[in-house]
Structures are given as C-alpha cells and as structure tokens.
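Please see the structure below; I have some questions.
Chain IDs A, B, C and D follow the sequence of writing; residue 1 opens each chain.
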C-alpha cells in the first residue's frame, strides 16, 4: 500500500500516519520527494480498508498495490484454466457454445431446442427452471419438473446442462440434474449463494453484474474459488450505461482485460448483452473475434410464443447461421467450433 | 401500449402488427398521421414484454403507457404511507433517524452506540449481525449473538431495531429480534429474499441497488407489497457512476421523484452514499432539505477500531453535531426531528 | 407524439391538455382505455420540447414518436451511404483503414508512419496538427507546419489525409491540406464547429462523444448534413462508464444499432476505445466482426518517444499483424481489406 | 509516481523499468516487499502519461501521486477564493443567486425577468444570447441584440450579467456587455474556448461537463487560471447516468468534494440538473444545505411561451417561494441570502 502525504503535511502528521500503519501491522518505508512524502506500507491484508488511512490528517491519497483477490489472479496461476463441463472443455482451443431457451417451458419445447442446438454444434444446453423475475407478475419457471425435462433432453442429444442456481436451498437439485450451475447477474454479489455454489463441486458460470467492475467480478469469483472449487467460468453479459437503444452495453473489452488479469475462462452472452434478436449475430461474431472462450445464446423453437425473453431468442435457422458464421471467425483466429 | 410504425411501413405490415396485438389480447385503436401510423393497444398485462412487438417488421418503436407496478404507485394510493417501526412513524412530519454501527461487534460497542444515538435523538438503532462482504476474507458478523446484543441495547435505551436480512433462512431470527428488516443494495433484485421479507410481516427498508433505476426499485418494492406487507420504506444510498472521488453518487433528486411516483416513504443514507466520514454531514443536511422522511447514519464509539466501514462511521460528537444541524434544516422546511 | 394521461385524470384536465396541444399546432386524436386516456398528437415539429406537455396537470408521460433528426435517418434514405475520401470509398464492401500517429511530430516521423501504414494496406493517413489537450501543459501540436508535412507524406505514399478540425477559424487550412476532417469526441456538441465542418464541403468523420447517446450522435450528424454536406462518417471510440480498467468502454453494439437507424457509414477506433496498446488488436478484430465499415488505428514508428498517446499507439510490426488478422476476419464475413 | 511491479517480476524487468523512468527524468527509490517490488518515481511532470510505464513488462500498476493541476488545488492556495462579479461576491458567507431566462427573447421578457429576480433578492441576471442547441432546427438566440437588451435590463435593476461564451470570436461582445462569462457543459473541454475565456479577464462560470470527473473539471479550470485569470467559479449542473426519470443526476456530493480539493467557489444549477420545474425547489434547498456558494436558477415571466427550456423554468411566484425557502436554509447553516 502506498500512502501519499499532502504537499504541506508536517512532521507530526507524517509520524502519526506511520504509527497508525504500524498499529495495523504494516512495515513502513518512508521516501521524501521535493514536494511530498510517500510512505510504502508492506504487509497489507486483503481485507484491510484503506479508507482508515485516507482520512488521517495530512494524507492526500492511498493506493493499494496488491489485488484484493488471490486464487482468481494470474499472479497466482500463470497457465489458463480449462474447465470441464460434462465432457466439454471451456478455456481450450475450441470455442464452447451453450445454447437453449431462456426458460424450460415444456417437454416438447426443450427437446426441440436440444435437438436443434446439438445438430448445429453446440455442446451445452442452457435453460432456466427457477425464474424469479423483475416483475412479481411474470412467469416464474417450472421448478424441479423443468430440471427433469432438461436433463432428459440433454441426454437424448449428448449435451451437458447448465442452469441457474437461485437459492442455496436448491443445491441438491442442481447436483442431481446439472453439469454446471450459473450465478445470474443480479446475484453476482449474493455472497451466501456464491458460497453455496462453491461448495456444490460443479463448475460455476459466473455472470458479471450489471454495475460490477471487473475487479468486483473477480472478487466474486474468489468467493467460489476459496471454497476449493477451481472451475469458475466468467460470463460477460452487458453492463448498465446511459445508452438506451440497447438493453445493456456489451463490454467486449472485458474479454482481453480479464485474460490479462486472470487465468479463468471467459464467455460472452450477446443475447442478454443486447436484448434484441437481430443484434445477437454481429455481437456473437465480435465476441469470438475479441477472444472469448465461448458463447451463451438464447434459442427457442418458437420465440414468439416463449414465456420469457422471446424477443432476444433466436429462431433455429438463425442459430444455424450464427454457428456457421462464428465457425469462420474462429478459424480466422486459429480456433475452432465443435 | 403505443406502437409507432415506420414512416415507410406498408398496409400489410400494419395489419400484421394489429393481428399480433390481437393475439396477445389487446384491443387496438389505429390512427394515421401524415407520415406514420400509430396504434394504441389497450389492455396490456404488467408482465407483457414489449420487445415482442418491437421486432415485428415495420415497427419503429413501442412505448408502454402503464407502470409495471401497481401497489407501489401513487395512482393506486394517493395519500402518503406512514410506516410504524416499533413506535416510530416513518413518513410523517417528523424526520426519523436510524443510527448505529455498521456491524455489531461486542456488547460494549453496541451499548455505547445505542446510548449515544438515543441521547442525540435517534429513534431506531441500526447494526448488522450477518455481514457477507465483497471480499471473502473480511469480517462476516456475529450472527444470532449479535442480534441478541442489539435487541438488549435497543431496549435499554428505548430504541427500535433495524437489521439486514441476508438469507431467507434467517426469517425466524429476524421476527424474534428486529422491528424492521433491511434489504441491502446488492440484494435489491434477489427475488426469493424480497418474497421472504414480504412474508415476514415486519416493515422493510429497501435499499436502492447500485445500478437500479427508480422504476426497478419500485418494482422490487412491489414484490414485497404483493405479499400483503404494506410497510416498505425506500432508502437512497448512492448509485454507481463514472465519478471515483466519492464511493457512490448519492442521487438526492430521487427523493422528489419517488415522492411524485409513489406513496412510500423514502430515507437517505449518506454514509454509504459518500463512503467517507467528512462528507456525511453536508449530505445529511442536503437529504433533509431535499425532502427525505428520514436518515440512516453509521456511528461508532471508536470508528478507527471498527471491524467494518469505520472510515464512513461518525464519531459520537460528530453525530451530535449532525443531529443539531438537521434539526435546524428540518425546522426551516416545516418538519421536526424527534 | 403520444400523451398518456394519469389514471385519475379528470375531463377538465384532459380538455386542457388537448387545448394546449392545439395551441402548439398539433392535431389531436383521443382514445380512452379502461384505465387511462391516451392522446395522439400529430404534426410535431423537430424542435418541440415535450416537457411543455409533461408538466401539465393530469399528464403521466409523453413519448415522441418521430426521430429528432431527418437527413441522418434510414426513413429518409434507405440505401447505405458510401462516402469518398480522396479516392477511397467508406461504406462499401471494402473495410477502410485510417492509420497514423496521434500527432504529427516531425517530417521523419510522419513519413515513416505513412510508408508503414501504406505498405500494410491502409488507405488513409491520420494525424493531428492542432492538439489542445485535457492538460494545458501538454504538447499542443505543430499547427500548419504539421499539416504541410502530413500532406506531403500522404502524397508520397498514395494516401488520403484525415485530420481534426478544432476551431472554425482553421477551415481554410483544412480545405488546403485535408481530404476529410475529423470532429473530436469532446467537440461532438460544439455546434458552431459542426456548422463550420458542414460548410467546408469535405467529408466529416464524426466521433461519438464520451457520454453521447446514439440519438445525440445522429443529431450532431444532422447539423452537418443540414449544411448540404452528405458525407458524414460516424466513429465509435468508446463511452464513459464506471469501469476503470479500460480508458473507455468501446460500445461495439453501437455498430449494428447505427446501421439499423441510419444510412451513414460507421467506423471503430479501438485505440481511443481501449487506451492501451495490447487491447487494440482484439478490439479491432471485434469491430470488423461486428460490421464496422472501417477502423481508425494509432500507429507510430517509435511509440515510446511519441509526444502524445504513445501508450495506445501500435508499433509498426503490430500494425502489420493487425492488418493480416482483420483481413481474415473481413473475408469470414464476406468483405475485404484494401 | 508509484510503480508497482508484478509479483513474479524478475530483476531484469525491474532494472529496465528503472532505466526507463530515469530516461523520462525521474529519480527512483526502490523498495522491495515480501511479494512485490515498488518503485517511487520522484519528479513527475504534470503532462507525463503514466501509460508509458504501465505497459512495460513486469509492471502491475502505476499510480500518480501528484494532482494534474496546480493553480486549482488547495495545496497551492489554502484560503477560499472569493470572486467579484460586478459588485457581487461569490465564495463568501452570502449565497449568490443568479437567475433569469434560458434565452433572451425580447426586451419585455428580459425586463420582466430582471425586475422579478431583483425584487426577490437575486444579484446576477442570467440569460443566453447565442444558443446553438442539440437540434439544428431549434431557436438559436438573438445574438448581440440580446446582449444589449440584457445589459439594459440588468442595469435598470442593479444586477450583474452572466451569459454564455460559445465562440472565441465573441470575446469582444462579452467584454462589452457581460460581467461574467459562462462556459457551458458541452464546452467544458473545448480548449480554445477555455483559453479565450481566460484571456478575457472577466470572471468565468465553468459548468461541469455531463460526463466529466471532478478531476477533469478542475483541469479545465486550470486552463483558465493558467491564463492569469484567478476568477473561476465552478457550477455543478448534473451528470449523465443510467437514470432516466431526471434529465441528469445532480451530483451534490461534488460540492463538499470540490471544497476539499480546491479553493474555488462552487454553485449549483438545479434547473439543468433536474430538467423539470417541480424538482427545482427541493434540489435548490439541498444544494444550499450541501454547502454551495450560490445557485443558478432559470426563471421566466411566462415559461409556457419560452423559446427554450420553458419546462424547467420557474414561474415568478415559484421563484419568490424558492428565495424564501433557501433564505431559511442558509440561516440554518450560518449563511445568508442577499
């Protein structure tokens, strides 16, 4: 931690700051410039709140120099992590595609979805069984019944299953039916849920919160990793900005940033990222071109009749087209699509 | 709902949109201007996803005309709601002050806090017993033991108790020890938790999420109100913006906006809103001047030794000064502080 | 324009709103639903301020239904615009690449830049001669001398020239040396400058402001188009968000959004969009994959010695690699790079 | 400047960074912790671009420790600046109120405005004569004729005049008619204009840009101060956020932040900050309570007929009420209103 003193800070103030740092267990190196004194404080604990120092008299600013997470960082693990979901690898040379409807609605619907996405080359079936929504009056999902249907449909077409964990009390259900659990954007800082996901022992797809910085996203990953669960896959799905012509602003530059800071794989969800069907294809291409390890795409056999998120779900022929196009993009950058 | 067609939309497109609207159960009024056709669709259900219409051929934009919530709106209830927390009224002429430490840390600490805030005129004691934090390595709270201490301290000084509900499984504990439960900013869209809070039957303090629009905040209030719990108090505590010199940007204009749209009381939390002790006093004054029905303030008998949020907690003499100043502001606008 | 009345609005209020609309020159169609009355107001002028109606008694919300711009819209011109800069077309099948240093610094530097970017396949040389900066103490550019150097270097390598117009009084200089003028992000709403650019008769590269919505960006384009200058090329260069790990957040979804709303070409600037050299390549690929008509890239023969923006400028071999990679991406989506 | 090396940075990388820092003219102090090496670089120039160091191999992050401005900072000048506009002091104990219409529209209108605001206790008349607007089709102001009218109206009622400088070429007109010039939010980083304002010798009201950080705002103030013009008054008028129920988000916490960082006075503009008349009064009160040195308020004798910004302009009786209320708030915090 580096403490920068005010230009006019006097000796008594400087010594008082040093004493406080010592009280908090830091070793302090003092260096005096022509204008300011700068203190290097060595031995910071991850949970130290730097504002304790910021508000001391004579302090100008305080900078932390270590990351507030450990297991999620590149410093801790140099080589990229490859996570196995069923028998699909995320984080290797192959781009992993997770596709399916927003919600499981019926046996027919989920089977038709599974068949279509498998045929087009996706390896993981997505679908929600528990769907608390921003309005209490919207469709809330089929629950366990939906999980049963999705598992059967996935097995019938050789797909793995990813579905959202909404409540720690659903952990057993997830263990029974899913190959990977998803933490939704709204729950990215629901810490009891992150712990439960970590303890479950399944790979976790961690969506970025609407207003989460990349650093906070990695700190939420740390919650899961700290439970000895090494399989966290990050998912960029759009952040909230002032722009209203798209539902969210898909932050594709997060892909190279995360790859520089962390060893974890990162996938892109252009369906939630844009919120409207006809923007999904170009942004899926862009996601792959930016270096994402996978895509999460909403597809529905009859989007106009979907009970949730139909407008951002692709028709099956559109998904076929998407797979054909991203295959070309992947090849252009030396990767492949299954 | 109002559907605006493209300038060049042809008759077939218009008729197809009308047919789709009819399929979704709308009555349609058509009106043709010199340039565009506009369709008024009557009978929208709260959960209807307008993007179903937005992506039809020939559609330019779609506007919802009804609010996506009911019980939270001024249209549904004209007179302001007054909520009773213990025997304190929030939403009346008197400004309600909730104060205390971020976390309950010890019997001594919470008693000293309770004594000080009661003496200065606060009526509700705040304090956290369960504190999952953004870092998994930070202090996580005393749990039930903390609730016991806080209840005793509050009773000893005639205060009501507000504390955060983090997990639906803690509902019984809350019923036993608290007069009001708080939903934290990070959980504003944790829908199972909102339901649990609604069913608990205690008044709920609903903090605004970091990136929540006022409309989404009111929709989260609707989740609680829809469980037949009429006592929701909204709490503005800062939103996330590009500015980094404050921890968050306290959106005080939300106070008059909420009061125009909703009948619910609204309080302001300048401690989290600014994140640093010496900004709390001016922003507390400003909150009262803007028309807030109350304040939530972090106070600690020894902030430098606090296990969480010390840097934004006031020293007790600072809190005394704050109470003296807001009393003058309250009087200037025809209100009072207990 | 559509005026939605409050649920409880009474007949006198409705009639008063209708009268006010008539006073402003609107024809009004009234339609009454079970809950609310909705008024369709036909004949809105582009400059009408809808807040005049929003604040009338009994009004719930007001929506404009027409775009606040005309010449920039797809409704006005269906086919995509192709702009000619020197003899380079922007907006056609070929991806146009503009490259060069942030600032012209010396004859040697600009010639080395021109040679390198031409050899790699770029067609337009970029470089600034007037560089007012966010700090008054930074390098401010070579002025006309810089323009002379850039023109010569461009001519020597068969390139067109794009450079920034900072001040209406520089219009003559631009006419003499440039093939296209650029309006910088900070000047996107400097209206006297937009007018001057429109009157100049050269194609204009209009950068998106840091906090400009897509609609405001198109309104600024309208300023130029309204001067009978049809050649506006839009340039996405990142918007301001809460994320601090990148300088700006490159909003690539603006590319498909703009293409749906407008006929104007759109290019992407990943150098300013990310602010750091090693993010430029992946975001350039992503920009092309998203459908951009061109790229603007900062390249410098010796970035470590650059007088401005060196850290986001590519080394020449990195630019060669970028050109090779975007060529493959362009082919994957049926386009080409010169 | 503090350079933090990666945990795994090797000796060669560290020495290479030190060499580069020396090349840029820094003295370097090296300190090695158990995990990382930290380099203190003394002697940074205000214009140094820290990204030059950030992208060197083995560097984790770089923090600047000195402010990028000088004359605007509290370190440079401890005592608060009081600026004189005509014979009105801004920055003293008295709250300065600037009020008047958005645009000067006619002799009658500006005289009625001046009379009303003077009677209510405002000391400075505001009004625009040059009004380039976001739409090219809106009213663009009366030009010099408007300035003449405003000067006469102000003189008739003992008021000073503040008006917006849009174009460096209008400097002479300003010198002739105005007591203070305003730099609008959209021009906050129009550097040629800032220079012109600085050279004019009149006090400058510098509005904060919609997406400007407080640091950038102070850097723009530095442009003016660096021209030996000490009279800069900062004006908070709302920033752009994701919230759409207000036109902008008035960032009142900027008031105490600016006062801690700078000696310059700061005023609040709740008219632009909220964009709608009935939010102006509570936010004006809140601005004064937060510690602002003044207010800028739009008032119009007939807002419904105003040619610009009528909906956010107060009726005269509303302005009288505002003045009465802020007088009480000012007294509550030991200040006064003229």
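Here, a contact is a pair of C-beta atoms (placed from the backbone, for glycine too) under 8 Å apart; a residue touches a chain by one contact, two chains touch by 3 or more.
All values reported here derive from a predicted model rather than from experimental measurement.
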Labels of chains that are neighbours to chain A and to chain B: C, D
Contact-richer chain pair (by C-beta pairs counted) among B-C and A-C: A-C
Approximate Å spacing (C-alpha centroids) for the pair chain C, chain D: 26
Computed distance of Cα centres, chain C from chain A, in Å: 31
Separation of chain B from chain C, taking each centre as the mean of its C-alpha atoms, in whole Å: 38
Touching two or more other chains - residues of chain A: 211, 240-242, 244, 278
Chain D - residues contacting chain A, complex: 2, 4, 6-8, 27, 29, 31, 33-36, 38, 40, 42-43, 60-61, 63, 65-66, 75, 78, 240-242, 244
Chain B residues touching chain D - in the complex, by the definition given at the top: 211, 213-215, 239, 241-246, 249-257, 260-261, 273-274, 278-279, 282-283, 285-291, 325, 328-329, 331-333
Residues of chain D touching chain C in the complex: 20, 45-47, 49, 51-52, 54-55, 68-69, 132-139, 166-169, 186-187, 189-192, 195, 209-211, 216, 219-220, 222-223, 226, 240, 275-278, 304, 308-312
